[in-house]
Structure formats: structure tokens, C-alpha cells
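As written, the chains take the letters A, B, C, D, E, F, G and H, and residue 1 is the first residue of each chain.
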Amino acid sequence: MQEFKSLKDIPEQDYFTGGSSACAGCGPSLGLKLALKVLGPETIIINSAGCMTLLPLYPNTPLKASWIHNAIENAASTAAGARHGLDNLGNGDMNVVVYAGDGATYDIGFASLSAAAAKNERIIYICYNNQSYGNTGFQWSTATPYGSETKTTPRGKENPTGNTIVNKDMLKIMGAHRVYAATASLAYPVDFLNKLSRAKERDGFSYIELLGACTAGWNYDPRLTIKISKLAVRCGMWPLYEIEHGMLNLNKDFNELKPIDEFLKMQGRYRALPPEGVERLQELIDEHWAELKEYNKQRYV
Amino acid sequence: MQEFKSLKDIPEQDYFTGGSSACAGCGPSLGLKLALKVLGPETIIINSAGCMTLLPLYPNTPLKASWIHNAIENAASTAAGARHGLDNLGNGDMNVVVYAGDGATYDIGFASLSAAAAKNERIIYICYNNQSYGNTGFQWSTATPYGSETKTTPRGKENPTGNTIVNKDMLKIMGAHRVYAATASLAYPVDFLNKLSRAKERDGFSYIELLGACTAGWNYDPRLTIKISKLAVRCGMWPLYEIEHGMLNLNKDFNELKPIDEFLKMQGRYRALPPEGVERLQELIDEHWAELKEYNKQRYV
Amino acid sequence: MKQTLVTGNEAAAWGARLVRAKYIPNFPITPQTECIETLARWSADGELPGTYFDRMESEHSVMSAAVGAAAVGSRVFTATSSQGLLLMHEVLYIAAGMRLPIVMATISRGLSAPVTLWSDHNDFLDQRDSGWLMFHAENNQEVLDMVLQAYRIAEDPRVLLPAMVNMDGYVLSFTDEPIIIPSPGQVEEFLPKYAPAHTIAKNRPVTVGPPVLEEYSIFRAQNHVASRNALNVIEEVQDDFEKIFGRRYHLVDEFMLEDAELVLVTQGSMSTTAKAAILEMRDEGIKVGLLRLRIIRPWPNEAVAGALKDAKAIAVIDRNVAPGKGGIMFPEIIETLYNLDRLPLVSGFVVGLGGNPQTESKVKEITHKLMDDLAAGRPRMEWNDLEEI
Amino acid sequence: MKQTLVTGNEAAAWGARLVRAKYIPNFPITPQTECIETLARWSADGELPGTYFDRMESEHSVMSAAVGAAAVGSRVFTATSSQGLLLMHEVLYIAAGMRLPIVMATISRGLSAPVTLWSDHNDFLDQRDSGWLMFHAENNQEVLDMVLQAYRIAEDPRVLLPAMVNMDGYVLSFTDEPIIIPSPGQVEEFLPKYAPAHTIAKNRPVTVGPPVLEEYSIFRAQNHVASRNALNVIEEVQDDFEKIFGRRYHLVDEFMLEDAELVLVTQGSMSTTAKAAILEMRDEGIKVGLLRLRIIRPWPNEAVAGALKDAKAIAVIDRNVAPGKGGIMFPEIIETLYNLDRLPLVSGFVVGLGGNPQTESKVKEITHKLMDDLAAGRPRMEWNDLEEI
Amino acid sequence: MYKIRIHGRGGQGAKKAAKMIGLAAFKMGKQVQDFALYGAERRGAPVMSFVRINDDPILERGYVDDPDVVLVLDRTLLDLVNVADGLSENGVLLVNSEHKPDIDTPAEVKNVDATSIALDTIGKPIFNTTMLGALAKFTNIISIDALNWAIEEELSKYPQKLIEANKTAVRKCYEVAK
Amino acid sequence: MYKIRIHGRGGQGAKKAAKMIGLAAFKMGKQVQDFALYGAERRGAPVMSFVRINDDPILERGYVDDPDVVLVLDRTLLDLVNVADGLSENGVLLVNSEHKPDIDTPAEVKNVDATSIALDTIGKPIFNTTMLGALAKFTNIISIDALNWAIEEELSKYPQKLIEANKTAVRKCYEVAK
Amino acid sequence: MREEEIPYKGIEGIPIIREPGSAAKVNRGSWRLVRPVHHSEKCTKCKICYIYCPDAAINWTPDGPEINLTSCKGCMICVEECPTGALTEEKEGA
Amino acid sequence: MREEEIPYKGIEGIPIIREPGSAAKVNRGSWRLVRPVHHSEKCTKCKICYIYCPDAAINWTPDGPEINLTSCKGCMICVEECPTGALTEEKEGA
């Protein structure tokens, strides 16, 4: 297994170019660029309809690897087909990697994902989570955090909170599928690429969820993509951890979390979240963090 | 909350009649009959395509409650619609109850189920699990246990084991959705009905999974439906437990499990499972049981 | 009458608001998003009292939830496009078979693969066997009016079928046009409370969606007859509609057909451009007119035949294609003409796939080609927008 | 030649086995189950070396996985019916748009709601805009032969489109008939290894399924042309097929048409019964013949027109219905006749929905009605199987 | 064309019996077609299956409502189903029963105690195959040899012992039937 | 018919500007139509929007390729896009710029420094509304009153202060433009 | 039937079932190969048979279980589960 | 074009992209309002800017980062993240 110790270790070879129509400063694009450094050109990225679908735009693509966009709800099953197709043709050494949004993953494509995981297909499933249906203009998904405004959870006279539904605990759910499941952050590329590198060696299904900071949807200055990604980790909004065989491993531990406020005020989507909302969100984060601390290095799910 | 202490407590009123085309001795039919005793006539059963779909056959139905069969993959979303439809028309006191097979629940309808759970819709979701696609003639689902023969996992020269995939741990997965999740058995009707009774009072989503012994598919004499259901519990194949707020509660504890062999030899589907297969299955059961024992009354997921 | 500048998406949302739809399950897809976002805003602002705005996990689930709510007697609205419409395809048949008068705005967009975001009519027409009533608007006013009428027609006891109101993506959905938005009182007068007799209610246990044996043909026939009934209901409704709103619609939209020798048959927003082109061609002395199909199901056979019977040549302009076959409406038009005494020449044109704009000059080109065909006595099958090939 | 008694489902499974399909994603649905169960048994017994039999979680996923495997150059087979076919509807368009020559057996069954398990053709015909090649077999031998031919046609570089082979549920799928099962060697001679140039491979990175802008029409046109190309390929293939297997098929199946004044147009297994009825009616001196549509897409326009051009009256027998419209094949037949010099009278019959059996006496009744229509000079639209109404 | 209808109950192998008749006739060079009525073939539920046998290709499809022979696998069905439906005076109605049942039909009614024969020979009530012996005896449409072949073909996945027992049962039934 | 095309960059409000022109003209009793080119309206990406204004119902649809007026919200676009495309000698090309740009077009070229005006009056570079003041000045197609109404209508969800500031910016721009 | 002659049947033409429990009248006794017979003298009225009958073919009466032979499919669960032997199996048509 | 005249374009008529990385030639510099400027004297070659550029618009060379202005959309991540101030922001077209 390739292991990276620092930024300097990260391969200099890129299999991703500029020229896409993603927003300037797009987090998910960066995630894919980084991932391909580990995955290399003999990789098929299976993409679900979402922002990333517009990376290639006929007749051009920024990818130096292969790509299949089928539909929004079927990345995992498309990947299973590609996997077995390759294996039967003697190309078992090619990587089959899903790169799917949170809407595709948590919602519309979840049956397909769950089945591929249950069957332990040899696939790496990366969910780039921008906490919304980004490509359609930022609507609510079950990955949208409490208190976030989206186009379908706008604040209004009768509902100042925006989204009132607590997002699915996908890591736990995937952990309960007995697969390798991990979170990752753009601000911790070494950690991300090590997880990928590990997933690549596994003889089965791996699920990696990358927080995909989204300048357009979260409504922040694109220059802040990395800062916000880091802050998400630091304030416990996006803890870095992994689950394998039900055991929890907290990758970045902190004695104290930064208050969520700092994270919120950088982003338009939380503008006007009333103080009660902020409090409630802080509570949810604290509870989750406490749970992670308590079960670190233990059976978790 | 209505609570039952013994068989004698169980209501004498039935909202289910004979005359269906289910097999003689059908476990899932019995489950529905029992459930309706607690649910009563102001209940809408939302059914996914499966064996139970044939209970009503135009122009007759054994139900004295309402029924919607929409398709196979959408019981939970149909139920969500019915729930909100009723609520908006001032019929919030009617029960909306899914009665869906394991194939519909674990596989094709899982995205729909997961979303309704994530949104904590006020629905009782009962999965009657006959460990296969029963209505189509007993094919494999992700609920099929290791070692079972089905029509799509037949034993053969190259594969004497039949099904080699360990079934999804659905209780844990649903527990990770932060809802009430419980198993139930036909041989423990008091336990089953108490769980239902409790679910009925909850202001949110409940998931109850009932082992639905299937005379035709499991290939046993119909008279044994209750015996087999009881044995499944006694040998740890189908432990009775519930999860709420992540806490585990083992409803029937035993000092020692009966060996699985006893359960297997009653059923045609395990006939010819080689000894290694039986051993592996026993191992899986023992591991699961040990886990349940260890985490009883503690945070489990 | 209040006139306001709104997009087609907003017009559809206004329709849902005015009919007091009680349940709005939804899932986003370009170019439908603005419609549901408008409803989300209204909902958050308390402007849709008693209505539940339900964010679902897929369009399959949207239509499933719609069926669930309609089966308990709720008035339901939703909207979708393209892949979303295809994903709910299975459930569309079910909703119609159950005879549940759900109304859905469809915002047309071409189908994958390859992916396009722009409009053509393949997604909408793909539903033409499903049993739904299918209406297609030309402009934003018609979008709103059609939603209002759709509920009235769909909920009529002689019909009881779900209805789709289609608008072209972008060209209508994202274009502001001034339209008259009626008052809630007017709409209430036009469309009373929905009080179905065949759905589940308290003290009325019903089994919805059972299997059947030989009776299957009968139920299918009833679905068919109910749809045919809608033709009368549609005409009937116009009196009330005109009385209340001052506007009136017909089974088909006839434009300068009285003396037309050449007729263009169109659908949706491209009809507007075609009308402009026709006005100009009329100035040049070309006797050309237009028939706009605004109702696809039930198929208004007699109205179409009546409108076309005097034409010498007809261009059926299909903004869609069935690969291996051709334009989808082409055979339906031909069928409608087949038993006329004198048969016009009919040429087929496949145009505007994946949003290729249909300009006036393209319409003129088609008309001239049709004139050539008439002169040569030989119809053609033509594809537009392939210049780059 | 080995002849064996097999069901239609088994015949399709034999097809998949003989073509050495490498990947078989599947999901059970009545009446398709026996087909995949047969393959499951063979797979467990090691009789499908190098083939992966993949139990999926839904038909949507089945077709998605099929696309995934085909996109990396694998030869793929699957089978489904009814609700399953509708659930994968969205992905069918995608598979065709991507030009992936997947072959799928469809086992026709009526659509919900209400639920029926029995056969009609609504599920199959619902796919007619999807871009797939669509073949419909009359008996079990044709099922097997069509699967073999489907791969050869679909994989031809002039075509590169997925293909459906339809059989009627129960009537074929569950009926044993003696058929000739060719040897693996013969099939290998007929159908070489699949070696596509447009799919992903080692050292050949390809982007499959990107969004496009204006080029959309071009790709749709290419899908159309590829499908039209198949008409030639189908005819070409017959020589090889006959050489190797000793049988030959045509674009359409003509039965006693030479001097027929009355023609019945049918599809699928009911054609067999109709042929029996025709033989008897011929004995009575009635000049009746039959045209069986065995290829629906691409639409064999000229073959159909050629076969029908001398008829005086035609009964289009549709085992399907588009509610609000009528029989689905009716307009396509009419369209095909429209430019003939002399137009036959055409009546439409909707029959056999939800499996209502089409007996010889029903066929005779239809023929007599057609004679009445001819005498009266007035076509009709008729529904069978509504006696109980 | 020769048409056979079989009445049985779910679980009694009416479908298998039809297939075996088909196989046997096919072996004898005939064109054949066999199938079962679908629906609720639940254990115990009355079911039917059908066979058509012909020299030329078979152009008929669907249920057989004018059978030449009717086989009734389970005597208790006589009270529930009109098994004689469509039988003419040339027809044969063959019932698995100890005693000749009293049935109102123009056809010839025959009986054979296939259940006992099966219990004696196979040791299990596999009367669906067993009864085919009587069919061979009464109709000439299939020979015992062809039946033996059909049994081997259809039961090829089972132990040879069982196959032989089935053959014995069929032969015994052929001999006993009168 | 009067046709307007607006060039801007994703994030600069070209679509909103078109809507406001539409609203203003509509207020003045005209038939109107406004829409934006769809595609990648990513921040910074060159985008367009369109308005049609007419006395009679508008029968044209689709992009405007023969505009009467073109508005350019961002001077840097001049190097990237042929903003003058389709303009005739009767047309007006109005650019948000300190200096009169040098553009090869038969149309009249005007400039106004809407960005500075916006910064002065609104305190933010909201130059899309601001520029409409100049449009009113140069074209007579919309009045300042109608624009004020449009601003109130379109910004009704925002604080009154912002609305007033926008109005001031528009008036200022109207006055300054020449 | 000519298309134009098909009558519209209103609510009767909609595939719903409006008579709850109507299946009770369907004779599923025809599936039975064996039947349960009740012997009240041995019966303790424990209700076990009543609870476990999957076809609700056992009515509970003050006198104990009453078997409804229209609905009883003869699965023998009641016989199997009866703790006292108060239910026995008998061959049908014997 | 008459239907019968539409040419069949073989593989060229299939919607796939066969030139990997072809988007590199697309000018996304047109989106830029500000541009990053590199000052080698301050650069420690820490690679941070290179790693974090979402558009792979920074090539890594032995001399440190090299900005590709065809691809750079001007997001300013590199400027923001550069720990030494070796990258600065400059207005486009100024």
C-alpha cells in the first residue's frame, strides 16, 4: 500500500486538467483531482448526475482516466457492472471508483449503494458531499445539515430555521453494512489520499465521504474553500474518522472543538439562522463528537 | 399504550378473514392477522408487491381495513403520501402501516424506506421477512441467510453452499437511522403486539421486522410454521430485540442457544448444505448473539 | 384582473397555489426547480395554509407519495422533467389505473444519453400510453389556465384520471411573461373542494390496487372511456371558465386555417414563433395556417380531422423522435386523416431536438419545403438542425 | 440437430448461454423468473464458464449494471417483464443513446394498475421510443433464434444498439415446445467474439455519457440512422444464419397473403392461433391472410407496405392500448399505408389485454366483422373481451 | 390433434405429468405442446395442466376445453371441479381412485389406484408419474418405452434409484389398469 | 418591437437586470418577455440575458440576435465576447466603464461608470440595477418612474433602505449619463 | 364491442374493493386435504389455536374455538399447536 | 436534411469523448476577475498552492509553481493558502 506522510509525498502526476465548467474554487472538483493522483489513469470514474457530470462537456474532458455517467440513481450498480465486466475480460487491475454527490448517494441512489455494499463489490465509492443537490441550484438533501437554508428549505415567516431535519448519519449506516467507511476533508489531503490508497488495496467495498465545500451553494468567497474545509473539521461539523469491522478510529482528535459559530458566519446559507438554531446545531455537533470520543478505538456500530 | 401480558389479553376482534389465496400455513398472513388486532379498522395497510399482494383478489379481500398496493419499490413513500394526505384532511388518528416483504424492504425499496426513516415520518413499517422473493417463487434477496438454497442461488457442482452472501444486518442499519427498530416472531405474539402497540403511540417512524416463516419457500410442512418460528428464536437465527435511541434491548435472552442444525433440518432449503456450510452459519449466529449479549441495555449503534 | 410578470415555472406554481393543492411531493430537476422552489418559499412564508410541501428522495417516490395521498382523497400537485419523468414512469401507469386525479406540471427537456438540459418533447410524449390526460401549453398564461382546468377535468366523476400539463423547458419555464393571475375566490368558484367517492376515508375502508383476473380488460377499457369522456368535459368546462375568467380554449388551437392550403402542425412554445412566421408569409401571399396540438390525450380525433380536412399539404413538425421510426405525432396525424374523402399530402419534420431553437426562418424553410413537396406530389421525411453533420 | 422440449424462458436462457454472454445481471419477476433461474442453475453447475450471474436489487439496477459492463466491452444478457421493464425505462434510453449492444429478453405481461400477471404487449411496446431494436417472437424456436440474431445485429458496427427480444408471458414463456438447440460451435461461427471500438478498455480511456450542447440532434439522428441500418443488417444476416442453422427469417412474417383480400395484422403468439383460424377460413373460401409484425424497431416500413398493398381490408389487432387513444400499432400501420395508390379499409381491434385468451373463434369473429366493414365501407374500432361489462 | 387435460392439486405434480407426456410423445416423433394453467398453484389448490400432441406443427394455443383425455390425479377434486367439462363420447376420463367414480359424462370413465401403486413401488405417493402408465394403456398415444425415456430425461437430476422406481410404478400401473 | 441584450458575468445580475427592464416596460403598458441564456452561469463566466418589449403580444421567442440596445455590465467582457453582434446603425451599445471604449460597431457607443455610482450610492458594486438609469436616459423605452416601481417590486423582500439606495443609484446614473 | 358503445361504469369501473372482508365468503376449504376436528371435552380454551390460525378460520366463542370450514385450508397449525390434543387431524373426503 | 440523406458516422456519431484531458485547451481564463501572480523570491516550494488548485491550473516544475492562465479561473485559493505571501492577487484587465 502506498502511504503518504506529508504533502511532499503526494504524487506529482495529475490525471485531471483545467477547462471544466465547475465553479471557480469548487471543492468537489479538487477532490477528484486529488483522488486521481492515487488512482491513476487505469481508473473508471462512475459518476452520478450532479455538478461533476458537467466536468466533461462534449467534446472535451478534464479527465485523463475513463468516465461513465449513467444516471443519477445508479452509480453503484453501474460500477458493479463495470467491475464484473472488467474482471471477466481480464482487466481486474483497473480501478472502479464511484464519484457521486450526496443527493445521489443519500437519497435517490441509496438502494443501489446499499446493495453493492451488502454484496461487498470491489468498488471504491466516494461521496463528495456538498450537503445539497448542488447542480440543480442547491436544494435540500438528507445530507443537508440542520439549520442550513437551501432553495427548498428557505427561511420564511413560518420557518426561520431553514432545514429542520437532522442529516442522515451515513457513516454509521455504511458502517452497519460491514464495509470500510471513512470521512475525508479537502483540507487534509494526506489523510484523504491515504484512505483512498487503503481502499484501493481492499478486496471489497469501501465508502469514503468527502466534504465538498461548495462556493456557490454555501455562498462564500471561493478563495475560502480550504479554510472552510479545515474549519468544518476543527469545529466538529465534519470529524475525520473511519469505521472498519465496526471499530471506530478517530483520525483527527482535538481536546476542544472550535465553536460552530465561526464556521457558520463564513457562509451565506447560515446567514439569519436564529440563535436557537445555532444552539441546537451546536448541541447536535457536541453530541456526535462526544460519541466519537467515547467509542474511539472501540466497537462503534 | 395498550400492553399485553399474555395470549389471553390479545383482542378477540379480528379485522382479517379467511378466503385469501396465500398458502395454507402462511406465516406472513398470520402476521398481518395479528397486527390488525392491535391496529384496528381505521388503518391503511400499504403493501409492496409480494406474496401479500395476492391477499385481496378482485373483487374480494380478507381485510376489514384499508389497503393500498402501489408497486414493489415504493411502500414507504406511498405511506408518507398517505400519512400527510390523512393529516391534512384531519384524519391524523388513522394508522398508516407498511406491510412489505424483505425483497421490497432490503433491496428494491430501500431508498424509499431509508428516506422515510430519515425524515421520521409517522409510519409503522413492518417488514415480513420470508428471506427471499417469495411471490416470484423463492429467489435470493439480501435478506436470504447464508447457506440457504433459493431459485437464484441453487446448489450446484461449482457451488454447494447455495447463498454465500451474509444477509444485511437490517436492524443495525435501521437503528443507525435513529428510529425505533425491533425484530418480532410469530411464535411470540405477545411480544410482537406489544411492539406494535408501542410503535402506534410513537410520534415518528418505527421499523418492525417479523420473521415470516414460509412453508412453500422454506419447504416444510405447513403445520410447522409456529414450531419453526419458535426455533428460529431459540437457536439465535432470529433473536428478539429492539433498538431505540441507539440502545439495545434483548427481549428474549437465553443462557444457551440451541444448535442451528435443529432448525436447518426441518427445512428443504437447507437440505444438502454441506457440514462446512452449517459450521460457518453457526459461527455467524454465535457472533451475532455474542454481540447482542454484550451490548444488551447499552448503546449498540 | 391582476397581471404579473412570471415565468412558466411560477405560473404552474400559481396554479397549484390557487387550486389549494393539499400535498406537494417534489424532487428537483432542471428546468423544473424554480417551480418547486417558488412553492417552497410560499410554504415557508405560510402562504400555502394546510398544504404539506414534501421533499422526497426521488421522482419515483414523488409519484408514489402522490398516489398515497390521492388514494386517501387529497388534492395533489407535483412537477418534474426529463429523467425525473422517466424515473416515475412505472408509477404513472399505476396512478392512472387507480383513477387518481393527480395533476403534474411537466417541464420538457430532452432525454439522456447524451445529457442535454434543453427542451424537446420526448420526455412528455413518452407518457402517451400511460392513461394520463396530457395537455401542452404554448405560453405562460396557458400554463396557469391549464393547471386550473386540469384539476376540474381530472376530478370530474366522468373522468377521474391524472393529468399532465406540459411546458417547454427554458423557453417557457425560465421566461418571464405577463399573465393574469386570478383571485383565489374566482378559482374557488371554478374548482370546488375535491370530494371523491372512490378513495379511502374514515369509516370507508377501500382496497386500492388489487390484482384482478379476467376483469383486467374491463378496467383498461374504463380507463380508455374515462379519457375519451374528458373530451366532452373539456369542452363543457370552457363555459364556466370563460364566465369566470373571461378566456376560452378549444380542443385544438387553429391559427389562420380558414383558407389555408398549407398547414403546419406543431406543439408547445415553438407554435408562437411559427405563428409569427405565418403572419409574415401571409403577407407574401402564402396560404399557410397552423394547427397547434394542445391536447395529446385524450386524442381529439374529430377536432384534428375537422381542422385539417381542407388542407392540401400538411407539415407535421415533431420536436421529438422515436429512433428507428421517426416523429411521434406523425402517425397519429396520418391516422386521423386516413378516412377523409380527400387526402392531403403529409410531410414529416423532426426539429428542435435537445433545444435547438426553432426560429421563424426555420419555419419558413419548412413551409417552402412543403410547397415543393406539394408541387412534386411527393411527401418527405426531413430532419432539421443537422447542418454540422 | 438436437431438438428439445423447452419453454420460451428456457429458449431465451439457451440463447444467452450459446452466445457466451459474459455478464447477466438479473432481478426476478413473473413470468420471467424461469429464464434467470435456468441460468442460475447452469451457473452453479459451472456450465457458464467466464460468465458472472449477478443478482441485483432492482431492474433499474439491472439495466444500470448492464450499461456499466457493456461500457467496458462486455457482452451482456438480461431478461425482465412488465413492471420491471417500466422500472428500467429511464436507463433503456441511456443504453441506446450510449450505443451499447445489450440484449434483453422481455417476457410480456400486462401493466399495473390493476395488477395482472398475464400477458399483453403494453409493457414491450412502451419501449418503442427508447432507441432499442425491438423483436417479437411467435414461438420458442424463434425466441432462441432471435436472441442469437439480436446479438449479431446489435453488435454490427453499422448498428451498435441494444435489442429486445419479446415473447408473450405464459403462452410462450411457460409452454414447452420442441425446438432445435444449435451446437456451441455453430453459434460461435455465426457470432464471433464481441470486439467493440467505442468502449472503455486498458490504455483506451473513454468518457461515456457526457453532456452535449447543440450536437444533441446529431447524436439522436445517428441513433435513428443506426436503427434504420439494422433493416439491411437483418436481411444480410439471414444468409449466414440459414447457412449455419438451416432456417431463415424475414422482416415481416407473411402468411397466405398472395391473394388475400382480408388481412389480419398481429404480433406474437396469438399469430399462431390466427394462422390456424385462417387455414380453416380458407377452407370456407374466405380470402384471408395474415401479416405478423416481428420487428417493431426499426420499423420495416417497406416490408409492411409491400405486404399490405393489395389488401382490400385490414384488421389491425392490437394486444395493447393507449388509453384515450386506442391500439398502439394501429396508427403505425395506417401511416405505412397512407401513400399507397389505393387505400385499403382498416379497422382496429383491441384484444387480449391482461391475458384474455385469443382463440380461433375470436379470430374468425374479427374476420367476419372486417368483412362487414368492407361491405359497409366503414371501418370500426372494436374492443374484444368486454362481454362481462 | 390429441388433447389432454390434467386435474390435480398444487403440489401433486400436474405440471410435471404434462411435461412427461409431452416428452414421451415428442420422443415418438410427434409435435407437442404442454403447459399449466397459471394462477394460485398453492399447495392443495385445484390446478390444471395441458398437453397437445399432433403430427403436424401445432397451431392451437391456450387452454384445452375439448380434451380427448382427462386425467384426475386426486379423487377429492371430483366434488369441486367439473373435470368432465368438454369431454365427448369418444373421450376418456381417467381418475386416480380405488373405485370407479360415478360421473355424469358421455366419455368412458376409467379408474386406477395410482396412489397405492406408487406407495408400493416408489414408497411415496408420487402418483403423477405413476398414472401415466394407465394413460399409455387406455389411449395408445404414448408408449411405455417413450414414457421410460421421458422419466429418465425429466428426473435426470435425481438418483438412479428413484428413476427406476418411477419406471416400475408406471409399468405396474400399465399392467394393473383395465 | 424593441429588443435588448445584456452581457454580464455570472454573479453580476444580468438576469435580474432583464427582469427589471421587463417589469418597468410592463408597468408602462407594454407586452414584454425576458429571459436569460442558460448554461454555465458560474460566477465570472460570461452570460447573457434578453428583453423583448412590444405594443402587441410578442410572437418571437429565443435569443435576440438583432438587438436595438446592448448593455455590457462588465468592461472586461469586451475582449472576450463580440458584444456588438447584430447591432445596426440605429442601435445603442451601452458599457459600464469609466472611459468610452473603442468598439467596432455601426451603433452608437455610450458609457457610464455604473460601478462607481453604485459604490457611492449603494455602497456595494450593484451595477446591474444602477446601469438601468442610463438605459432610461438613452433609449426612452423605460421611464425612471417605471424603473422605480420595478425595483420596489423585484426587491420587495429586501430592506426598504436597500430599495431606496437602488432607486437613488438609478436616478444618479440617469443624471450622470451622457 | 364497438369502442363507442362501451358504457362508462363510474365508480364500478374503478379497480377498487369496497366490501371489507368479502373474502370470507370464498371457499378455500377446497384446498384442504385434511381437516382439524375439535373435541371440546379436551379443550382448555387456551386460545392458542385461535391466535395461530393464519386464515382466521377459527372463531372464538364463549364455548371455545369454532372452525370455519369455508376458510380453513387445513394447514394443521392448530392441531400441531394445541397443547391438549383437543384438535385432531382427519382426512378430507375419507 | 432528408432522412435518407443523413450519413452514418460510425464511431464519430457516438456520444463519447476519446481524447483524455482535452479540456486543458478550453479557455477558462475568461471567467477570471482577478489573477494570481507568483513571486518566486518568496516561494518555499511547499507545494500547497499546487495541491489545492481545483482546476489543476498550477503545474509543478523544478522551479516551483507555474500558473496556467488558460485554466486558472481566479478562485484565489492558492493566494489564500500560500503560507509565505509568494502568491498575490491582481485585478484582471486592470
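Throughout what follows, contacts are C-beta pairs under 8 Å (C-beta built on N, C-alpha and C of every residue); 3 or more make two chains touch, one makes a residue touch a chain.
All values reported here derive from a predicted model rather than from experimental measurement.
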By the contact definition above, name the pair with the higher C-beta contact count: A-D or D-E.
-> A-D
Looking at Cα centroids only, farthest away from chain G lies chain F
With chain centres defined as mean CA positions, report which chain is farthest from chain H.
-> E
In whole angstrom, how far does the Cα centroid of chain B sit from the Cα centroid of chain C?
-> 43
Can you give the whole-Å distance between the Cα centres of chain E and chain H?
-> 78
Rounded to the nearest Å, the gap separating the Cα centres of chain C and chain F is 34
Touching two or more other chains - residue numbers and ranges from chain B = 21-24, 41, 53-54, 56-59, 61, 63-65, 67, 69, 71, 73, 107-108, 110-112, 114-115, 142, 215, 222
Would you give the residues of chain C that are in contact with at least 2 other chains, written as numbers and ranges?
-> 57-58, 83, 87, 90, 94, 97-98, 112-115, 117-118, 205-213, 215, 218-219, 221, 224, 226, 326, 383-384, 386, 389
For chain F, write out the residues touching at least two other chains, lowest number first.
-> 42-45
Among the chains present, which pairs are found to touch?
-> A-B, A-C, A-D, A-F, A-H, B-C, B-D, B-E, B-G, C-D, C-F, C-G, C-H, D-E, D-G, D-H, E-G, F-H
What residues of chain G sit close enough to touch chain B in their complex?
-> 15, 17, 19-28, 31-32, 46-48, 51-57, 60, 68, 70-77, 79-81
What residues on chain H touch chain F, complex-wise?
-> 30-33, 73-74, 92-93
Touching residues (chain side chain B, partner chain C) in the complex = 41-42, 44, 46, 53-54, 56-59, 61, 63-71, 73-74, 76-89, 91, 94, 111-112, 114-115
Report the residues of chain F in contact with chain A in the complex, numbered from low to high.
-> 40, 42-45
Chain E to chain G touching residues, read off their complex = 9-10, 42-46, 75-76, 79-80
